[in-house]
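Okay, so subunit A shows up in both of these, paired with subunit B first and subunit C after.
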Partner chain A sequence: MTSTQAGPWRQIGWRNLGRHPKRTAITAIGLGVGYFAVVFLVGWSSGLMAQMVENGTGLVSGQIEIHDTDYRPDRSLYDTIGGREGADISAIIRTIASDPAVVAAAPRLYAGGLISSGNSTSAGMLMGIDPSLELDLTRFLDDLVEGRIVEPGRNELLVGDELARQLGAGVGDEVVLVAPGADGSMGNDLFTIAGIFHSGLAFIDSRYGVLPLDTLQTLIVMDTGRIHEVAVSTADPWIATEAAGRLTAALGPMDLDIEVAPWTELRPEMVEYVALGESFYFLIIAIVFGIAMFGVANTMLMGTYERRREFAVMLALGTSPRHIVLTVVYEAIALGAVSLVAGFVVTLPVMVWWHNAPPDLGWLYGEVTVMGALIRPSLRVEYDVAVWIWSSVALLLTALLAALYPAARAARVPPADALSGL
Partner chain B sequence: MTKHLRVIVGLALRNLQRHLRRTLLTASAMIAGSMLLIFSLSLGDGTHESWIDSGVRMGSGHVTVESPAFRTTQNIDARLSTAARQVAELALQNPLLSGDVSAVSSRMMVTGLASSAAGARPVKIMGVDPRSEAAFTTLNAQVVEGRYLEPDDRLAAFVGKQLVDSLDLRLGSRLVLNAQDVDNDIGGQLVRVVGIFQSGVPEIDQSLVHIPLSTAGEFLGSRDDVTTIGVLLNDSAAVPRVAQALRQALADPVAAGQVTVLNWREAMPELAAAVALDDFGNYLVFGILFIIIGFGIVNTVLMSVLHRHREFGVLQALGLTPGETGAVVLVEGLVMTAVSGLVGVALGLLCTWHFFGEGLDFTNLMGEEMTFSGVVIDPVIIPLFRVTRVVHVLLFILSIGAVSSVYPAIRAASIDVPTAMKFER
Partner chain C sequence: MRIGSACRSKVLMVLMVLGVGWPAQAQTAEEIIERVDRLLRGDSSHGVTRMQVVTEHWEREMTLELWSLGTDHSLVRLLAPAKEAGTATLMADDDIWNYLPKVDRTIKVPASMMGGSWMGSHFTNDDLVKESQLIEDYDVEMIFDGEHDGVGVWEFRLTPKPEAAVVWGYVDYQVRKDDYMPLWARYFDEDERLSRTTEFSDFRNLGGRIVPAVMNMRPADKPNERTTMIYDEIEFDIDIDASFFSLQSLKRRR
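Showing the complex of A and B:
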């Protein structure tokens, strides 16, 4: 079939759309809404996933954690990096920071202890940090509710807002920390609350006390070279696995007994959850367009029924039934294309808007945690190019499939009856 | 209008029959939509009920009685008075309530430090009555080693797997619990691990320790006092009733600010948010689906109106008012949506229970244990049937039908009679 011969069928199909502008518009809106729905639902769902991964890896922990090989899962006080002798921390941090994917790396030391203020005592997890490095890495200390960050060498402490409430203590108040030391003694000392943080994770806000690394080392009687963890953040959570591989190689020469674990290994359930969510995307596409298909089929069926006479004339003039089918199918494809353009024109700005300035949904539901990762109530969406393309294909397929039955009926119009009868 | 009601309904029904294929096609979209709606809402409700159930069993019950200060301070000073505890426990044994109540557990909850030779960890120490707690918690079914607490136990502790690992403990090992006692000193108690559990919720496995209430009372100096009374119900729908009854029974201490009665939404806002988020997602999907279906209905009904210009002209010439002409169209839309809605809901319920009555198993998909707002998600979803849900669905479908018939009805009502009758088509 040459292009000149192909012309008329396409034109007849296209022109027929314009003959019933209202009907075309309503059908196109139906399909366009379907397109928007799929892209938006999938975008919102990936927005939730992205938030889960970002907060799960960036809020308190990093995308990569480096420990002594014995540290996990026991997290024992004694399993510090480099064993009991400790290691050259600044050299490790320098090596890690030289990797192009790494944004920040910071050392950490953990110990359980009791925190007392006046008449109240609570048990807490003490986390020793290097304040300047830690600020580049985690986000939960970025915006303190009150006060300021701790300074190295001082007996200062940051507590979560929930813990502060339980202790009935505020910024500037003195608290006593009691923690079992590495030498078997009970370390205790007076600390001043320098600031109060709020991470949104109840577990962190009610349990964690953050203090300078060197001060904690003194409290629990550990040498300055001993830390439990180097937390590393990467620019994008999804490059963490590769980066971890490179870091293992880069740290190899230091001959430490360590493991470099990306979050995908530390939190495999999160990876699975993302995969589970993605497996539902096609279900959403199928359901939405499956329902939309009825609407298109109905419109096309009505349209072809109305044009029985027209088809009868065409057949009588020698058009083959195959070409009748073609005109109807072309009409459907044109309808699909119009809907796609309309859907896209509406969807794109909304998605850009909701990605960059997500509407707050705090009035509807509060903060939730998925796999222990915080998710804030907002309509933040992510773009997923593959889904945009798949939805477009699905939309056109829907239009095409919906046209098949009406097209077949149109091609079987008996010319004589149709021309004489009506 | 009532005068011509039979005519209106008759015309509407006849017209639906006359274009049976078109009616069926539009109806099948509605039927498929309502089937999906009822199916996923039943599953959604079932999911939420199971989250709520496991959430409240891990937490403090469907209804919680505690001192208002306890929520903010978690301090032993904010424990319940002996009188308040007795009143609450007595009220729950009232035959009017006992039918709704499945278990009651009074607990002494304090935060403290658990230490062994290997280190120290912050923990939540829960002093419980082994017998009533066993009916309340699911932890006694999640034992990986040893056993749950028993009534005669004294210096026994039931400890989470992760805590056991991090303190390098095993069955029979000793650990020391330190916590603030009633005199604001730090009390210490040596206990032995009798059982180890694994709930799948990291926060709980890392930090929860159950000890007998008598042991807690001894070392904290609190004797039989408790901080929290948790009430577990048979159905979350009974929450308002039970909470109200408890508030009445405890009216005096509540008014005095000594006691507060919380439902699970207040006591566990995170869980409530998880349910709300999931519901919101479902509603969004269905809102969109039915908008699409709505456009389909608009199209069908509108087309049928445009074809019947002449018919409507004749009807009005014979004495139907424009309003009644519009009503014919509206009734047509409503009848179609009502019938297909009913059929869809019936088919949906049938399918849901025939195929998934035993529960829909997502174990293969989920694999690892998943937690949502601190609740382990059960991979087997058992659909939940609620009459109110069915009514909601039917009302929703009817209103979609009504809304999408309005514009065509207006068109039918506003035709110009002479012009409509003038031409053959």
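Showing the complex of A and C:
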């Protein structure tokens, strides 16, 4: 077959689209909507996953956590970074902050204790922070429900809104903190509630008391160089693993016996959840285009059946059945291409719009906590180039596969019978 | 008739005084355990004890003054170290309050913290309030009667009664035959694993009775840790009633 002979079949296929413009348009819209559905569903799902990962790692914990190697999973009060002697915290923070992927790093100290106000007492988790560094890192203290952030050196405390409710205490009220000290004593002191936060995560809002690092160290009789954790945030959750590797190397010379764990290691269930979500993307593509395929097949079957006489004439004039198949297949591919363009033209602006300004879905459902991460009700979508490409391929394949059977039927039209009106 | 009866009583008394009348074996296991239990508690008591706590991370010794009435009321006040003197714990029925002199506040221990350590020791808050008469909560069975290292001892297995609020799977006690002194108690969890061991020693006359003056408790999972109670003074059956165990007493400083 020469190239000049290849031409006409393609043209015939293309021109056939114009015979029933309305039918072509409806089928193309069907395929285009399918394309939009796939790209949108996958984009929305990615958006939920991204939100889960961002909130799961950015709201409180940070994308990377550095601990003493013995700290996890028991989280013992005594397993501080650098052991009993502690470490030069500011040097550690400086080293970490010099990594290009790192946005912020902050030291933390934890202690279990009692928070008591009047006749109400709750068991809580006390978290000692460096207020200025912490604000760069986490988001849950950014917008306090009430009051202000704690100041270093003062007996001040931030509590979650649920804990404040349980204690019946508000900003300005005095509470007693009791925590077992590192020397076996029972540390206790009076604190003033400086502010109330709402993270949206029930276990944080109902249990956490946040206070200045140095004040907590005094309460539980710990030296100033002793902390449990350095939390680190990276520009993008997905570069955390790489950055953790670099930080391990950078902190190596300090000889601290620490582990630098990215969230993918700290929260493997979250990684698995994302992988599970991604495995569904192909299922979505298969289902949506599987349905679309029958629509296209129906159109093509109708189109070829109407043209039985035409195919009979072509065959009678010496066109080979292979070329009949080609004209039908080319028609389907042309239809697919038109649909793809139409789908793309509709999908792109919508995705850009919803990515940048996600519509609020608060009227449909409330805040959801998945894997300990807060997800807000919105139509936030993510782009995923691979999915766009796969959907395009799937659309063209759908059109092609849907055309095979009608094309085979067309090629097997018996010329004499068809022309004689049978 | 009257005379005969009086004679028999007298003979009985003489026999008892001579210590020949009632072979120990004639006592039931329950009776022995009840005797041991009462020995350690009395109806009421007041004493001063030192509590040494040794953990992997620190060691400390506290001096405590304590009062108790039955199994439901007790009050403990820290006398030393000076920094924490005045810190006190009141146990009344199933509740615990701690008084903190530094902040002058009384805090009721919430239910969720009852499993937590009491004053840094290896005792939990629950250990203190769940204390009850052994024979009320346990079925007692003698599992050994013979000699260990030349000393005649009984061993008993105390299995919680179905309705008893007890965390243990069972508790084994060893009791010395000649003076009914407990030698050790071993606490097993519900999977029959040893959870803690309490050893009694230094049997001395305190408050008019022979009691073990030293009680040493070791958790099975941390063999190098212990909490030791050393009684320096104790008096039993003192004149005290339930009204003493109040939040006002808790705050009172010496």
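To be clear about the criterion, the second predicted complex is superposed on the first by the 418 of 422 C-alpha atoms of A that agree within 3 Å, B and C clash if a C-alpha of one lies under 4 Å from a C-alpha of the other, contacts with A are read in each partner's own complex, and residues count from 1 in each chain.
Everything that follows uses one rule, which is that a residue touches a chain if its C-beta (ideal position, glycine included) is under 8 Å from a C-beta of that chain, and two chains touch if they have at least 3 such contacts.
What you are looking at is a predicted structure, and each value in this text was computed from that prediction instead of being measured.
Asker: Overlaying the two complexes on subunit A, which is it for subunit B and subunit C: clash or fit?
Answerer: clash
Asker: Is A:N188 contacted by the first partner subunit B, the second partner subunit C, both or neither?
Answerer: Touch partner of A:N188: subunit C, not subunit B.
Asker: Touching A:R165 in the superposition: subunit B (first), subunit C (second), both, neither?
Answerer: Once the two structures are laid over each other on A, A:R165 reaches subunit B alone.
Asker: Going by the contact rule set out at the top, does A:P180 touch subunit B (first), subunit C (second), both, or neither?
Answerer: Both: A:P180 reaches subunit B and subunit C.
Asker: Mind working out whether A:T121 is in touch with subunit B, subunit C, both or neither, as first, second, both or neither?
Answerer: In the superposition, A:T121 touches subunit B and subunit C alike.
Asker: Check the contacts made with subunit A and report whether subunit B or subunit C touches more of its residues.
Answerer: Comparing subunit B with subunit C, the partner touching more subunit A residues is B.
Asker: After lining up the shared chain so the two structures overlap, which partner does A:L317 touch, if you call subunit B first and subunit C second: first, second, both or neither?
Answerer: neither
Asker: Thinking of the overlay built on chain A, is A:V370 touched by subunit B (first), by subunit C (second), by both, or by neither?
Answerer: Only subunit B is touched by A:V370; subunit C is not.
Asker: With the two complexes superposed on chain A, say which partner A:F203 touches: subunit B (first), subunit C (second), both, or neither.
Answerer: The answer is first: A:F203 touches subunit B but not subunit C.
Asker: Go through the superposed model and pick first if A:L301 touches only subunit B, second if only subunit C, both, or neither.
Answerer: first
Asker: After fitting the two complexes on their shared chain A, where does subunit B collide with subunit C, if the options are 148-156, 292-300 or 382-390?
Answerer: In the superposition, subunit C collides with subunit B along 148-156.
Asker: Does any part of subunit A touch subunit B in one structure and subunit C in the other, and if so which residues?
Answerer: On subunit A, the overlap between the subunit B and subunit C contacts is residues 78, 114, 116, 119, 121-123, 178, 180.
Asker: If we count contacts the way the header does, which residues on subunit C are in touch with subunit A in the complex?
Answerer: Going by the criterion above, the answer is residues 53, 55-60, 83-84, 87, 98, 100, 102-103, 105, 107-110, 112-113, 117, 119-120.
Asker: In the complex, go through subunit A and note every residue touching subunit B.
Answerer: 22-23, 26-27, 29-30, 33-34, 37, 41, 44-45, 73-78, 111-114, 116, 119-125, 165-166, 168, 178-180, 202-203, 206-207, 268-269, 272-273, 276, 279, 284, 287-288, 290-292, 294-295, 297-299, 301-302, 361, 364-372, 375, 377
Asker: Report the residues of subunit A in contact with subunit C in the complex, numbered from low to high.
Answerer: 78, 114, 116, 119, 121-123, 176, 178, 180, 182-186, 188-190
Asker: What residues on subunit B touch subunit A, complex-wise?
Answerer: Touching subunit A from subunit B are residues 21-22, 25-26, 28-29, 32-33, 36, 72-75, 77, 111-115, 118-123, 162, 165-166, 168, 178-180, 184, 186, 202-203, 207, 269-270, 272-274, 276-277, 280-281, 284-285, 288-289, 291-293, 295-296, 298-300, 302-303, 365-374.
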